[in-house]
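Look at the two complexes coming up: chain A is in both, with chain B in one and chain C in the other.
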Partner chain A sequence: MSENEEKKNEEVAAPQGGLSRRQFVTGLGGLGLGAILGGVITGGLTQPAAAIAIPGSEGYLVVDSHKCIGCDSCMMACSLTHHGNLSFSQSRIQITQNPFALYPDDLTVAQCRQCPFPACVEACPTGACHVDAANGNVRTVDPAKCIGCERCVNACPFTPSRAIWNGLEKHAEKCDLCADTPYWNEKGGADGKQACIAVCHMHVITLQKDVPVQAGDVGYNVNLRTKDGSAQLKLPTGDDGFYTPAEIAAAKAAAAAAAAAAAATAERISTTSGAAKPRNAR
Partner chain B sequence: MSRRLLIGVVILAAFVLGVIYAWRIAFVDGTELLFNSGWWLVLLAPFAGVLAAGLTRRTDPVIEGDRVLRHDGPAMLEHWTHGVGTLVLLVTGLSLGALFIPTLLGTQQIWAMMNVHFVAVVVFLFGTFYYGANTVLSWRRFNEHLPTRNAFKFTVQHYGRLLGNKKYAMPPEDKYFESERMAYLLALAATVIIIVTGLLKAAAHMVSIPGAVMGPATLLHDIAALGMLVFFVAHVVVVLLPMSWPMLRSMFTGYVSVEHAKAEHAGWVRRIESGSKESVSDKATERPAA
Partner chain C sequence: MGNGYAGKILVVDLTARTTSTLNTSDYAEWGGGHGMGSAIFWDLCKDKTVKAFDPGNVLTVMTGPLQGTLTPFASGRCEVQAIAPEGFPVEWYARSGFGGRMAGQLKYAGWDGIAVMGKADKPVWIDIRNQNVAIRDASASGDNLWGLDTVEVEKAIYKLVRSKDTVDWTQYGGSRDSGRSTMNPGVLSCGPAGENLGRCASLIHEGGGGAGQGGFGAVFGSKNLKSISVIGTGSIGVADPKALMEARAWAEANWWDIDNLKPGLPGMYTSRPSGALGADPIGNVGSRDNSCLGCYKSCHGGHSSRGLAPNSSCFDAFYNMMGPFSLNHASSDNATTTDRLQRMGINAWEAVMSIPWLVGLFRQGILGPGKQIDSNLNWADVGSEEFNKAWLEALAYRTDVGADLAEGCARAATKWGRYDQDTTSGALAICAHGYAHHYDARKEVEWGYGTALDARDINEHDVALTLYWYTSMAPLMGMPYIMPAKDMVEMIGATLLPYADPMMLDYSDEGIYSDAMVKFISWHRSYNRFWKQSGIFCDWGVTDWINPYTEGYKGLTPELEPKFYNAVTGKNLTFEDGMKIGTKIWNLDRAIFALQGRTRDLDALAEWQFVSSKAAAHSVYEIPYIMPAFENGEWSYKNVNSRMLDHAKFEDFKTRYYTFEGWDPKTGIATRETLEKLGLGKVADELAAAKKI
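The block that comes next holds the complex of A and B.
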């Protein structure tokens, strides 16, 4: 009886010619349910399967570690522009130094390689670590989606991991080619400026558009000295960080020429001195 | 097997199978997070709840011999889907929320917890929207849950009596105790915040949402979850006390004894007997407390 009463009351409450509250609720639920199911089914039938290929980054940081003097300016600039403070822990580029190793193995520049097949992106369970199509497909982390599992940090095949854990803000982060630098009034990303490049007075870092050779470090740790004034300054430009054979030969030749010139000068002075009688000679 | 039991068993079995599937699929290489691959279920569940409510015919409380119908089938459905969903959400959510200090989960378990959280989200949304739509269809059921001007007075009398203070008599509580009605406000606020912020967090798996929105949403989600945890723990602790066992039983059978109802919910019984659907708590204010 009560059930009938309730139904009756609802029907009475309905405006003339309009929907009762129950009809409205039922219709709303049915429409929503149908729209979503219809959308999912139609979408699944009409749209091709999502492409699984990950688009390549449109920019890559490459470095010349043989030029680096380990001033850490790039690390400070990275932290400063992204977070507004000077914290090596919050830098997405890492300079590691080994005091027991000799040049050129005493210092390593560990920049993110923007891998064509990014293990960090693949490992992320929430989509926080993603390919940012709006910024040249740079691989980056959306802190809002990061749940702090650190899978990306562990997934990065390189040491130190290029995805790092921000212990202050409790999320993972990685190099975004300065696409999101709230404390730097410059456009970043693959087509913009990068703080580490801008601040490095040794010109150790540069941005290139082509995908570097992926095997080993040769594609990412390159010789930038042949393209700057190192040769003019008589600095070594060899790929191994030392002088090239040609430079050594040239240096030897120059040294020999200088020695010959010095000898000739000395001979000339000696001859001139012998011809002239000393002042105290009797 | 009664129809109600059959429905309950089917829903429970589907939920358990869903949880098992969600857990196992997390350890299979190449599979997506359910929040990514099954996002449409998060949208579907609320509409399914609303549609189910529209198709539901409720039965009002009625005295049948020596027992009173307290919970009809829909009340049990909305209670258990909301409650079990909340329990699993709290367990998985707190596990995910404790990733930092200390780290309770290995990286392998995080994906699984997220997937189980997803299954609970679907059940929770269905139950909550089913309840919400039922409430829209019948506002007096909502009013039954809201505290009245007697809230403080009845609560002091009620628990003073339970604690053995002879000075107090059991107040003529309505269908729900005034203390329950006050707790309901906490659960209501927590539920609304959790759903709004949770839908935002789920939407972040489908569309790009600015970090400026997600940051506060995540914080609010976590705070509301703690509020819900307080409510849930208090609710379960009270239910475990012997004085609550008749109510717990009624959440499975639907009925309480007339004797129990008259002792604990005199105002409610009086209302049923008078044929009134409106709460009589306000009227009961005029009655002497002891």
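The block that comes next holds the complex of A and C.
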């Protein structure tokens, strides 16, 4: 399976002074600015005709999918702290695993990108999916205003959609950086803690204040293994999730040293007992 | 809010092709997991003397309140129990377990467990999508799953269940509110070994997570059941979500920190999660450790860029090294062979034990082409990739010498007229009940006595990890002990509630037969039966007795277990309360054994353990065997490797143990008074009706 494959590019693309919307958003994202767009018509419902300034989120979840051990604790914690119960389907971060796919394609981490230009917010006809100025401009859903049209779910340009349909409570929802977590004794939001980070023992997820590079996944799926104990644990630390040339060279040197030590031991046994026998030979 | 339970248990009758439900609340007194599974078995299996492959055998796959709930070491576990074909000479009712993601899927689908009864008239698989349960055709005329290996079948089921092969959301049911998931279903399958009723056939989940011991893969096979698949899009409520998050934060803060690694304790896997055991070596490929649901120890095995042996761990991955490979230092690829073992669905322990024994027979001219035991496998090439392939396929498909060995080494040895001879010499290193020697019954007696009293190799690593592995490996690696033996046994002894007696950990030659050891064996059976096997806290996560990340190395047991249990269930269960439930479960299991014919003389260990002190050929790591010992008024770490057991002392120990448990020392069966005191009056009635008490 591929990581965070972008979908429906044509569907969401719109002219923007000669640039597609995606090109426009990508450029702005790299600068850490919010998006300023002209009037938008959405599904027959007229939005304000004047320019809309969309302030950037003050926090972004960034992950290292190569480091993830697939325990899915983040998913359960997300559901638990927001809803008081545990569920994979109610989680706003999705870990999808296929143990039979070849590493690193065996596991995908799909977290909300808090897009500088949030297609989910744009698509919402009621303002339920909105930018929450009171909570660090996180893009979130007010369930009370949600009419269940799922336009936010369908508008999300990523697979799987980061805006999700909660069939148990019957409304859309998305990552709010834990701004609304009534079942947790910690303060969430862009300036607070996030449940997925709190329960991730491998520290696969981190909160970043700066807007990540928007092109592809490089800004959101990063290498978090170079400054923790990964190298000490002999986990691969290369950006691609594989061992670096230095790690491979060190491993080969260690193997050669072990082989030499074994040969020396065999020689010593041969000298003292007359013959080297395989251990356990009977 | 809720209490961690889904509320219902699914009952599938394959003969009638019907499904029904049980109310979990009717079985909540047993906690979950094995205890609940045994209680359901007691109720549903009308004739507990049936053979393992009889349609009347009832197999349960159980979770409990903690599964799918963020509880480290517990969230991803399932327990499996049934009359087990691997047992010898009697197919004792037994248990096994596995980790992965299936427990969460089962709970979120609305089920605390599954009981499978009867036998399908042709191959089937059970397809559970939330509350929708279908018994589907697994034969060539249907979904064509029969005959596939455990990897092939799980991949095929992913495709059958999911709408498309991407990470996108798949909708289940007729409406958007009926549920969506991005995940693959949890699948549990038997391989060719199970289909062909190999008594050491395992059940495999995610390529490597497996219920190995007991031969439950063959119980699947006997029922014409290839796989159980479950996808759950619902949720589980817990009593106190905030307390659960606080418990998790406490566990996070006190168990391993990748940003602040402490020096590891040798042998204990506290330095690196052990997942990489199954992955390929550094420099070869990339790989990740992998954990079971909600856990962070990563014992579940790794995933590599070669895709071999995913989620295989410990002896799965050591199979080649400890068995075939160790014999002639051949260079077959370990990951390739492990992958083949798991795909066939064979219990690694049996495969490992059998190789040194069979090679010995080959070298003596007893086994080979045209020999007394006729075999055309290339026994001079043990350890090579070619041999491993041929050998594992022989076991799975009952070809060549596998025709006999698929019945298990004990039954094969009996057929060949070698059982008494080879289990007395130790050439065939069976511990008890036909199961391979694991940790040494003669030295680490809680393992040996526990196995003799139970139905299978108990596979309970609490003492093994701390008071054998750590205490033996530290000096071998030139590392000073973290504390003197006296401090160690006092620290651990304080957790042995309600007794809190360090003398229970005296593994001296006298101590292993002492009344304190009687008490410890009782504690050990009850602790494992409830907290580990019904809780279900994984054996590799707890008992947490030595912890490098806490003050003074004090482990998280006995605080961890009830802390999570109570946050989830809303109960106020103490550690000691759990021990009482464990005692009740242990007595129920022993009653099942009694109905199957267990008598005092069958609470036995194979003879070699009384006449030989040499290591079993397939356990070459057990040198030395350093354990705590109290001698001449002082505690020390002592190498007890040369010890063998004494028949008279063992029998005397059994008498005192039975008495301690309230069992008749003549029969080893609980008295009516004991059973009624435990609330098991109906069990006493059935035992009385069978003239067992």
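As a convention for this text, the second predicted complex is superposed on the first by the 203 of 282 C-alpha atoms of A that agree within 3 Å, B and C clash if a C-alpha of one lies under 4 Å from a C-alpha of the other, contacts with A are read in each partner's own complex, and residues count from 1 in each chain.
Definition applied: a residue touches a chain if its C-beta (ideal position, glycine included) is under 8 Å from a C-beta of that chain, and two chains touch if they have at least 3 such contacts.
Please read these numbers as outputs of a predicted model, since none were measured by experiment.
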Larger residue footprint on chain A, choosing between chain B and chain C, goes to C
Q: Go through the superposed model and pick first if A:170 touches only chain B, second if only chain C, both, or neither.
A: both
I'd like to know which partner A:55 touches here: chain B for first, chain C for second, both or neither.
neither
- Task: Answer with first, second, both or neither: which of chain B and chain C does A:147 touch in the superposed model?
- Result: first
Thinking of the overlay built on chain A, is A:125 touched by chain B (first), by chain C (second), by both, or by neither?
first
- Based on the superposed arrangement, let me know which partner A:79 touches: chain B (first), chain C (second), both, or neither? second
The shared contact residues of chain A with chain B and chain C are 2, 5, 150, 170
Chain A residues touching chain B in their complex are 2-3, 5-7, 10, 21-23, 25-33, 36-37, 39-40, 125-127, 142-145, 147-151, 154, 170
Within their complex, chain B touches chain A through residues 33, 35-36, 40, 43-44, 46-55, 57-60, 62, 96, 99-100, 105, 107, 110-111, 114, 133, 136-138, 204-205, 209-211, 213-215, 218
Chain A contacts chain C in the complex at 1-2, 5, 66-73, 76-77, 79-81, 83-90, 94, 96-104, 106-108, 110, 150, 159-161, 164-165, 167-168, 170, 183-186, 195, 198-199, 201-203, 228-230, 232-236, 238, 240-243, 247-248, 251-252, 255, 278-282
Within their complex, chain C touches chain A through residues 1-2, 68-70, 75-76, 101, 104-105, 107-108, 151, 154-155, 158, 165-169, 175-184, 206-208, 232-238, 241-242, 244-246, 248-249, 252, 256, 258-261, 271-273, 275-276, 281-283, 285-296, 298, 303-307, 310-311, 326-329, 356, 359-360, 363, 617, 620
